[in-house]
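You will see two complexes here that share subunit A, one where it goes with subunit B and one where it goes with subunit C.
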Partner chain A sequence: MDELRRYLAIVRKDLRVEFRTREILYTTTLFALLLVVIFAFAFLSDPAKSRDYGPGIVWVTVLFATTVGQNRLFDRERENDCLWALLLSPAAPSTVFLAKATAQIAFALLMQIPTILLILVFFDLRVTDPLAFVGALALGNVALGLVGTLFAAMLMNSRMKEVLLPLVTYPLFVPVVIAGVKVTAVAIGAPIAEDPEVWLRFLAGFDMIFAVVTVALFGRMVRA
Partner chain B sequence: MDKRGIGLSAIGYGLTVIAAGFLAAALYAVFFIAPQEAVLGISQKIFYFHVGSAINMLIVFGICAIAGLVYLSIGNVRRSWADVADAIGVATAEVGVTLGVVVLITGPLWARKAWGTWWTWEPRLTLSLMVFLLFLAYLALRAFAGSDRFGRGVAAGLSILGIPAVYFIHFAVDRWGGAHPQVVYKGGLTQPGMRLAFGLSVAGMFLLSAALVWLRLTTERERQRLDALYLEVDRRAG
Partner chain C sequence: MNPGALALQCESVARVFGRRHVLRDVSFTVHAGEVVAIVGRNGAGKSTLLSILAGRRQADRGSVRVVQGDRPATDSQTRSWLGFLPHDLLVYLDLTARENLEFTGVLHGRPDPVQRAAEVLSAVGLAADADRTVRTFSRGMQQRTALGRLMASGARAWLLDEPSTGLDESGRRWLLQLLAEQGREGRIVMFSTHHPSEVEAAATRVLVLDGGRLVADLPGGAEGAAAAFSLVDGGRS
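Entry: the complex of A and B
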């Protein structure tokens, strides 16, 4: 029970700071919207074909904008070595990690709501299976959030964290992107023979296994 | 260099000589004993070293992940274990990436002849590429995230996460690839000359990898000792 209170306290702290400054939300949302515009100029030659590349655009935008946000996630913890203060508090390292990951996933989802609506409008996509569409994004964001938060924390003090973070996380994100693109394609009615349920289960499995491994690793990595 | 150091590098040079012998025998077997494949002709001979490198790449990366596990578990308690595990991690990752380059150069060469294209997104090929990229990222971490405890810890963590990641990537690219060309060696090597050449290539590449890992490992251990000496000098002077 105490751990739950500590977890909620850290999540509340992050959300409050963010809603007062809007640093991450404002910058990542704007970045994502600009990406969508660029993609429109780069790909939108034949609107009839938008169902072919629409899923890819959704996921590349999600991936890039989330990475930009993850790079900023531990900015406040870096100042005055506040991450050590958090770790010295009675909260277990896994509680600190899960709280930061929760905040990250919340920021990413908030940023994606206007972004994805804009993609649907700009590329004239119709969601035929809203449950699968939202499910893939939710499960995918949990996966990105867990892995990204782990490495964002570890690379917090690195001079080259901006480039190192995607270098490290993108190979691990490849299965998430594959699964996400497949489900999104089915959900917008693209003519492919795929069972979205298999890929949603796959994403859920990814989330579960990586939740266990990243939580176990975080405590050891900060102590190593 | 003290006596122990000389003994350790002697093992490395010994391994190198044995590996050279095996690789020479493998080359002989590949070109003079193994018969030419009926359909693919001479291009099939790339297969012996291609698969030999691929198998050893996976072995070496597996050891790297185990070293990462040791570093983050036992290494947290015992400093000396941490240093050894860390040195093994660097050595295996670098040798594995080298083997990966061999795999990714010989693969397309063969694919061009066998399938008529330099690259296909065939599951096995895609998986090799992803594992290769994962460990290139590992080396980037080692080079640029700092050699302090933080940098070493994050690299070890990445090598461990590689294990579940490879499983998921394997499943995903398998389903994603859809219809892919039937891999030629599915039926197995029935001809004894081919089997001999294949066995010698795999063993030769294994010994070569072992020699390279060993030499890199001893160098890294020397570097660690030198670092410790520098710290000692600083401490005494200060």
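Entry: the complex of A and C
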């Protein structure tokens, strides 16, 4: 029960600080919208093909903008060395990690609502299978959040963290993006022969494996 | 000895940064109710020792143990019982003083963190500024918030690295009274300082570090302070 209270307190603290400063939400949302506009200029010359490249645009935008947010996630903990206020408290490292990952996923999802709506409007895409579409985004964001939070914490004090974080995480994110693109393609009615359920199961499996691995590694990796 | 009393045992602790030996074979035990000042020149190893005791850094050799009676504390108990105030204050600048203390109370499993935060804010003299974000505070007020964080945590052993930094004269007097009072209440208090007057006013014991070695373990008070700082100044010449 105490761990649940601690988990909720850390999530609430992160949300409170973010809604007060709006650093992560503003920067990531503006960055994502800018990416969509750039993609629109690059691809709108051939609107007939929007269903072909639409899923890719969705996931590249989600990936890039989420990484920008992850780079900022631990800045507040670095200021005044606050991560150690958490790690030296009786809270279990797994509680700290899951709370930080939850906050990160919440920020990413909030950023993605206007971004994805803009993509759907700009590229004239229609979601024919909303459940698969939302399911892929939800499961994909959990995967990005777990892995990204772990490495963002590890690289918190690195001077090159803006460069290093994508270098370290993107190879791990490749399967997530592939699965996300496949499900999104089916969800917007692209003419491909894929079973979205298989890819959704793949994403759920990825989430479960990385939930166990990242929770187990967090305490050791941030103390190293 | 009280069977429930806490003790902090530091045994042959050594730490090396690169090729520099910051701590060499440091051993001592501190018991509940002791207020221990750690003195030494800049670079003597005071901050490193405190951060190793708090669990913020690992010792390269030796061990630190928290024991209650003769039973070693679990990891979770150790984290719950030790409170650390380093130079970086461990308070969130974008939260208010009240939010910081309530958050600390929840993290440390206090039964009524809201009530406790209100009491502590009054005790540290920040009741009127409780709902301002810490970023808008002066360094002295931030230091008071950080001290409040220790009080709100309910820690049984306080480890403080130069806790009077940023405090004005009345703040310093208040701090020294607070530390002495914590000792009388049965807490372990360890703090590093460069001021003989602070040792004299609050400490019941003084540890002198020189070049990473513990060179003296003296009683507190005026005589102990004078002897400790003559050793520190002797090392400087």
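The definition used in the following text is that the second predicted complex is superposed on the first by the 222 of 224 C-alpha atoms of A that agree within 3 Å, B and C clash if a C-alpha of one lies under 4 Å from a C-alpha of the other, contacts with A are read in each partner's own complex, and residues count from 1 in each chain.
The working rule: a residue touches a chain if its C-beta (ideal position, glycine included) is under 8 Å from a C-beta of that chain, and two chains touch if they have at least 3 such contacts.
Keep in mind that this is a model prediction, so the values were computed, not measured.
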Partner chain in contact with A:R5 - subunit B first, subunit C second, else both or neither: second
Which of subunit B and subunit C A:K182 touches, first, second, both or neither: first
Which superposed partner A:D81 touches (first subunit B, second subunit C, both, neither): second
Between subunit B and subunit C, more extensive residue contact with subunit A: B
Subunit B versus subunit C as contact partner of A:F206, first or second or both or neither: first
First, second, both or neither for A:R72, with subunit B first and subunit C second: neither
A:L167 touches, of subunit B and subunit C: first, second, both or neither? first
Footprint overlap on subunit A, where subunit B in one structure and subunit C in the other make contact: 223
Residue ranges of subunit B touching subunit A (in the complex, touch as defined): 71-73, 75-76, 82, 130, 133-134, 137, 140-141, 144-146, 149-154, 156-158, 160-161, 164-165, 168-169, 171-173, 175-176
Subunit B partner contacts - residues on subunit A that touch it in the complex: 147, 150-151, 154-155, 157-160, 164, 167-168, 171-172, 174-175, 178-179, 182, 198, 202, 205-206, 209-210, 213-214, 217, 220-224
Complex contacts: residues of subunit C adjacent to subunit A: 54-56, 58, 76, 79-80, 82, 84, 86, 88-95, 99, 103-104, 106-109, 133, 149, 153
Complex contacts: residues of subunit A adjacent to subunit C: 2, 5-6, 9-10, 13, 16-17, 20-21, 76, 79-82, 84-86, 88-92, 223
